[in-house]
């Protein structure tokens, strides 16, 4: 499960980390993900979800992905429903508090068609951080005593050699691919995020490949005006895709809030028959549109405008 | 039932939860009752109390009538003192900066263990629940207040699955497991305020709400409760407390 | 050396972490530091050195402090020369590359009057980070084989229980007090730094008390306009002192560059006789001025103006 | 000695160091010769090379004639791609993002160990040096290029103190100690380019600079050097290389 250090170093060394433009389409970026890869998603719940890349991976008919994220929302349903992933590692998995327990998650896990590997939220964060730091584990003082540890492969108890205290060593997560959506980045992949940072910087550093989607690709000069705002350096990034409203129907800080009518409609659609509902949703919203703009068109101009109006208000009011 | 005439069960939970918070504390709160309770405490008796959200928010700016629908989205960062990564906000628990964490769960047992993962056998569950989120971390690393409606199906002898460790198997078993700090502090329900026996760590009734009898609490509980020798009575929600709650949540989204 | 977790938690719990104004004078803040305390300094070499607080501690005749910092410059000389500290834990200790090896550091360490405990730069950073995370250690893959590990008390070798790899466990640093200088903070202690972050955020989180000095105290409203710029939260802060040019003769990003004529004069003064030189410097620049402004006056208006002009140019040009 | 007539020892070091850098690499560089070498490489043959500074700078913007006096102050952050904490920039070494680190030292020994801590006995040193900074981390975690003037007092059989581990005691001792990656890559002096024997890990001469004889290198070295069977000859600095260096450092602060 933990990558031996020699492998981690060799894989990183083999990447083209040079200063180069790496702007491409969603489809081209999707080709960087292999079946069976461990794909880590930035953002959290409904916020800064890299939905455009999730959408592109499902359209590209990826299979057997292991998906990890701090907290998983509807994108997890789509992974299960499409068969792109049968295994999600996360701390909490449902559309969002207001919509109750995800019926799709329930259906797929309760029928044994898919697995939801549950770790505490902090443990997941520390695992990405260990991966980002290039160490095989970091100790935590959480999760002990609970039944969670009995159902997951990985953590080891240890008596601290300094203090004698009991500790839980949580193993590094070094995803094969990180999908991260940001407000802006340059063509090289220098990314600047506003608002909640979530676990994105650690995920990018931990992963072996990083696919960035951005509301807007800006010039390198623009990035260089405020280098202390850069949170992901270009040397870690393998693909840059401009994807306006790239989190829709989720939100992107300062740009748009969640598309609530669409999210309500989705919840209604899956509540009747989760499996059929999510498959119909996938057909209509993921497979059929000819491109990302056609998908946004399905969400509706009124919803795009309303989400953007609300999103900007949080920032500027 | 109150000097204000009436209140909902949710209002009662929010008021009673707010009263156990102290000024100067740092409190991990989810949306809904926890956030209402913490905000009410700030307004009534704890102006120096600090709220944390799991999404990565320290000291949010709560606007009456604009309660955030979740703790992980941008609306709750507006005019906050600080936003930080999920990992770092949760690490505040481990570093010791958090005094109280609010928790809920599908089930709680006599030792304050919480289940938010599986109903039934985890290998073949009747219901797969959404999971722990930061709940396990809160339960492991700080004192927790559990706020829930008092029902027999929720107050069970043993939870089906220990998602968040309370006093585990009772006695010193929690700290023996490695969790040397924190632990269940109060369980606040629509019937009573409950705590845990110092020695056995079993749940016990500390105070009953206005008009509630001990038998009623025991009847709504799936295990044998302990009762304090002198069971207290909580004061009914005041006009002021209810007014603040209704100002915060005028559409009665959470206090219905 | 490592604080047992129970003590760490009890000490933190005992602090007044409430939302409250904590603005005070340099002298009042100095009173929060006890003789024998482990004092960690923010910044690095000549940058964002909390010089005003160092100055105040020496004036307050503190004794037996253990001082730690990522890289130590002239403030280390002042600690040694004044006797406020006989023990500096750092990775590199001299005024700065252009002035060569510190004659004061050499004199005090070579005559056995003081100790310079040398750790690798990354190891010091990881030690603060472990302290900030509330864990007793974090593993690193550095320092092994070198003679550094034989001269310091703390690190332990370990075979990784996951991979079998050899690792060095570096113990957490939880300083008694952190001294940190920032561009701006509010009266509660919410601090926002621009430019190089150094190790300051980890130091603040690791320490048991934090004394902030700031170029400018701003309103809480001002901080709340950009909460994603806040790097140190008020709950960790015990004192806030407004200290304009609080790093002089060192630099503060975007506000002023190093006071080079003063630094050259200092280097010349100690080169003749390090011990006498540093004591004369302390007499004139630290003990004699009636306050911080009088100290700045000694540095000279021309130097203040020139350093500020250069500092702003880096930012704005 | 060059097609340009003449050059200083520092210019020779910078040119020879720049030539071993490859396009696309990420390079940890201090000020002085390392920064000049890396910048020269960017201008001549490695436009996609990235420079890191220990203060926390990724991809700095180097303005000819305005070389920074240190890697830890604000001047070197100007128009950089990113600034980050010292800890995080050094952790890039451990994560594996850095291809080459430039190093110096007061002493180097036959196995490429470096001393920047003590001259004489560490318990009672003749000179206490400034210490390792990030040097030990660079030496431990990536391939290092040591760039220094070739003098017998600096090239010693055993360093007085191993501040930064090279091939330690030779053979497999470096990786046995736990340092399983990186290691000394090249030693570049004003006389020669040196490497390390694959098996014994002893220092060996790979190429001599223009006009330098093997005996001259051995005479300037305090231990017995190995020599490649076919010792190469480096090409003298070109007009273009020297022109770039002199454009970068017009006041000859570093290339005097």
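As written, the chains take the letters A, B, C and D, and residue 1 is the first residue of each chain.
Here is the rule we go by: a residue touches a chain if its C-beta (ideal position, glycine included) is under 8 Å from a C-beta of that chain, and two chains touch if they have at least 3 such contacts.
Quick caveat: nothing in here was measured; it's all calculated off a predicted structure.
If you take subunit A and subunit B together, the chains in touch with both are C.
Counting C-beta pairs in contact across B-C and across C-D shows that the higher total falls to C-D. Centroid to centroid, with C-alpha atoms defining each point, subunit A and subunit D lie 40 Å apart. With centres set at the average Cα position, the gap from subunit C to subunit D is 29 Å.
Measuring from the averaged C-alpha position of subunit A to that of subunit C gives a distance of 37 Å.
Among the residues of subunit A, those in touch with two or more other chains are 5, 126, 133-135, 140-141, 165, 167, 195-197, 228. The set of subunit B residues that touch two or more partner chains comprises 57, 77, 83-84, 91, 94, 180-181.
Contact annotation for chain pairs lists A-B, A-C, A-D, B-C, C-D, with touch applied as defined.
The touching residues of subunit C, when paired with subunit A in their complex, are 1-2, 4-5, 126, 133-141, 156, 158, 160-163, 165, 167, 169, 171, 194-197, 228. Contact residues on subunit A toward subunit D in their complex (touch as defined above): 5-6, 8-9, 12-13, 16-20, 132-135, 188, 190, 205, 220, 223-225, 227-228, 230, 233-236.
Touching subunit C in their complex are the following residues of subunit B: 23-26, 47-50, 57-59, 61, 77, 79-84, 91, 94-97, 99, 180-181.
Taken together, the subunit D residues at the contact with subunit C in this complex read 30-32, 54-57, 69-70, 72-75, 77-78, 83-88, 90-91, 93-94, 117, 122, 125-137, 139-141, 161-165, 168, 173-174, 177-181. Of all residues in subunit A, only 44-47, 70-71, 90-94, 96-98, 101-102, 105-106, 109-110, 116, 118, 120-123, 125-126, 128-129, 140-148, 151, 157, 165-168, 195-202, 251, 253-254, 257-258, 311, 314-315, 317 touch subunit B in the complex they form.
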